[in-house]
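The first chain written gets the first letter, and so on, giving A, B, C and D; residue counts start at 1 in each chain.
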Amino acid sequence: MAENTCRQGQTPCAYTRKIYYYETDNMGIVHHSNYIRLMEEARMDFMGRAGYEYRGMEELGIIMPVTYVKAKYIKPLHFDDVVHVKTRLIFFNGIRAFFDYQIFREGDDTPSAEGESGHCFLDTATRVPVNIKKRCPQFYARAMEIQEKDK
Amino acid sequence: MAENTCRQGQTPCAYTRKIYYYETDNMGIVHHSNYIRLMEEARMDFMGRAGYEYRGMEELGIIMPVTYVKAKYIKPLHFDDVVHVKTRLIFFNGIRAFFDYQIFREGDDTPSAEGESGHCFLDTATRVPVNIKKRCPQFYARAMEIQEKDK
Amino acid sequence: MAENTCRQGQTPCAYTRKIYYYETDNMGIVHHSNYIRLMEEARMDFMGRAGYEYRGMEELGIIMPVTYVKAKYIKPLHFDDVVHVKTRLIFFNGIRAFFDYQIFREGDDTPSAEGESGHCFLDTATRVPVNIKKRCPQFYARAMEIQEKDK
Amino acid sequence: MAENTCRQGQTPCAYTRKIYYYETDNMGIVHHSNYIRLMEEARMDFMGRAGYEYRGMEELGIIMPVTYVKAKYIKPLHFDDVVHVKTRLIFFNGIRAFFDYQIFREGDDTPSAEGESGHCFLDTATRVPVNIKKRCPQFYARAMEIQEKDK
């Protein structure tokens, strides 16, 4: 399960939880929309582990809405499965951020799903784009550092 | 289907839509949490038909959070079923409001589910309770009128 | 609003509904995962209008799981907005199907969001891929016809 | 925080997780329907800790649908709050089961919400009620034992 272990020098890697019953659908598998939610959970967790909680960003008056999302469903997930989500920051320039995700069912070497998300940064009050480099230099520095490691 | 028809003098009665695929679960039926959401849709629709849109209330700086909710599940609902939700305002005094709901599958004389919800009114900014009689006298008058009809 | 009207000779075009309160999030806008659900609603509606209900396909022992999904979020949507979803079948060969979607807020000429979804066809019991051309020739013929029109 | 600690001799008590962003709504608080889902997560967790996983019950061909649900919302919950859910089996006779729930925000002595759920047991294939005493005597014995402790 080498794929599913942390790479050296990275932020601690996986977000783990069980699949909930309400995430399943009539096909007896996890509904595809719920992977998008799971990716959000993993992204928030990743940001917290990286030293910048999303909650803190909102407290500074900045929101990070999703501008783009993609998911590829490879193998179905079922109720009570334990899943590990590996998140990476693949692009960040202070104005836009892109993450990618691999979702593994516990015990599997290959991912059950893969995804990506794109984000911008807006002022909560005005909804105008902000540059994180100016507005939150500490966050900017930390995100640049993570991005380097994730390469 | 007398039960499912409008009573004379009432606000137009039922909110109707199909069941979505993503509302079903591993049992092949609508997940119980989604009835609570359907009740919200029906309540919002009821308020709009009654002449006071919930959106308008929020624009006046008032929110109407849920303080209580109850549902009784009688017969399961499935994907693509057409459902009719009958909503009534059963109590309103300007400070608290209670609604009840009957959810019918199209063609059925007896409800598939029944529910209730309780609400208070808060100032959006301060989250302090407000009295609708003082804050929105027109809404108060309209709600009192509906409540009378619903008895 | 030429963009938002039906093209001649097509299946009737848009799926319309209001945004529900429970679809909004802390940013005061529709949560991005809910667009994926809205796309599913529109796809099911499109299939029904095209003469082949998804429910009917499941009754024949075939499921059409999502293998891929993509969404681009252009302008935010809010509670109570009326949205029109235009769906097209952009590829179908009996083994795979791809749809695309444009989500318009009522009154807007340009989409608030765009999306795509990919699907395969599986036998419900065995979860083995099936060829719709052999298994449901009528559905195959109808889908090929729609695909042509959508070009 | 005596209220929030385990009582002696009970099954390990609380189910804990953070609030997800997608659980919030336009009011900036957790949408009321999501408490019903959180109660389900806690119930499944409780059953697992009690020695009878719900998944195992479904593998025996039995489902445990919800026949009744109730929630009282006392204090709002927000994104990233850590919540502890205390679950108890308050009634069980092999045919029906009732659970109650207290949801605490970490650090609070008093609950943010309280709830109840009622359940029956059905054969998955026939959807006919089953008596757990006959069908799963081990589960019955274990549930009776838990119920005694919870009194």
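Definition applied: a residue touches a chain if its C-beta (ideal position, glycine included) is under 8 Å from a C-beta of that chain, and two chains touch if they have at least 3 such contacts.
What you see is a predicted model, and the numbers here were worked out from it, not measured in a lab.
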Pair joined by the larger number of C-beta contacts - B-D, A-D: B-D
Far-end chain from chain D, centres as C-alpha averages: C
Whole-Å separation of chain centres (CA-atom averages), chain A against chain D: 29
Averaged-CA centre spacing for the pair chain B and chain A, given as whole angstrom: 36
Rounded Å distance between chain B and chain D, as computed from the means of their C-alpha atoms: 26
Two or more partner chains touched - positions in chain D: 21-22, 26, 33, 37, 40, 58, 79
Residue ranges of chain C touching chain B (in the complex, touch as defined): 17, 20-22, 37, 40-41, 44, 53-55, 58, 79-80
Chain C-touching residues of chain D, taken from the complex the two chains share: 21-22, 24-26, 28, 31, 33, 79
Complex contacts: residues of chain C adjacent to chain A: 26-27, 29, 32-34, 36-37, 40, 58, 63, 65-73, 76, 124
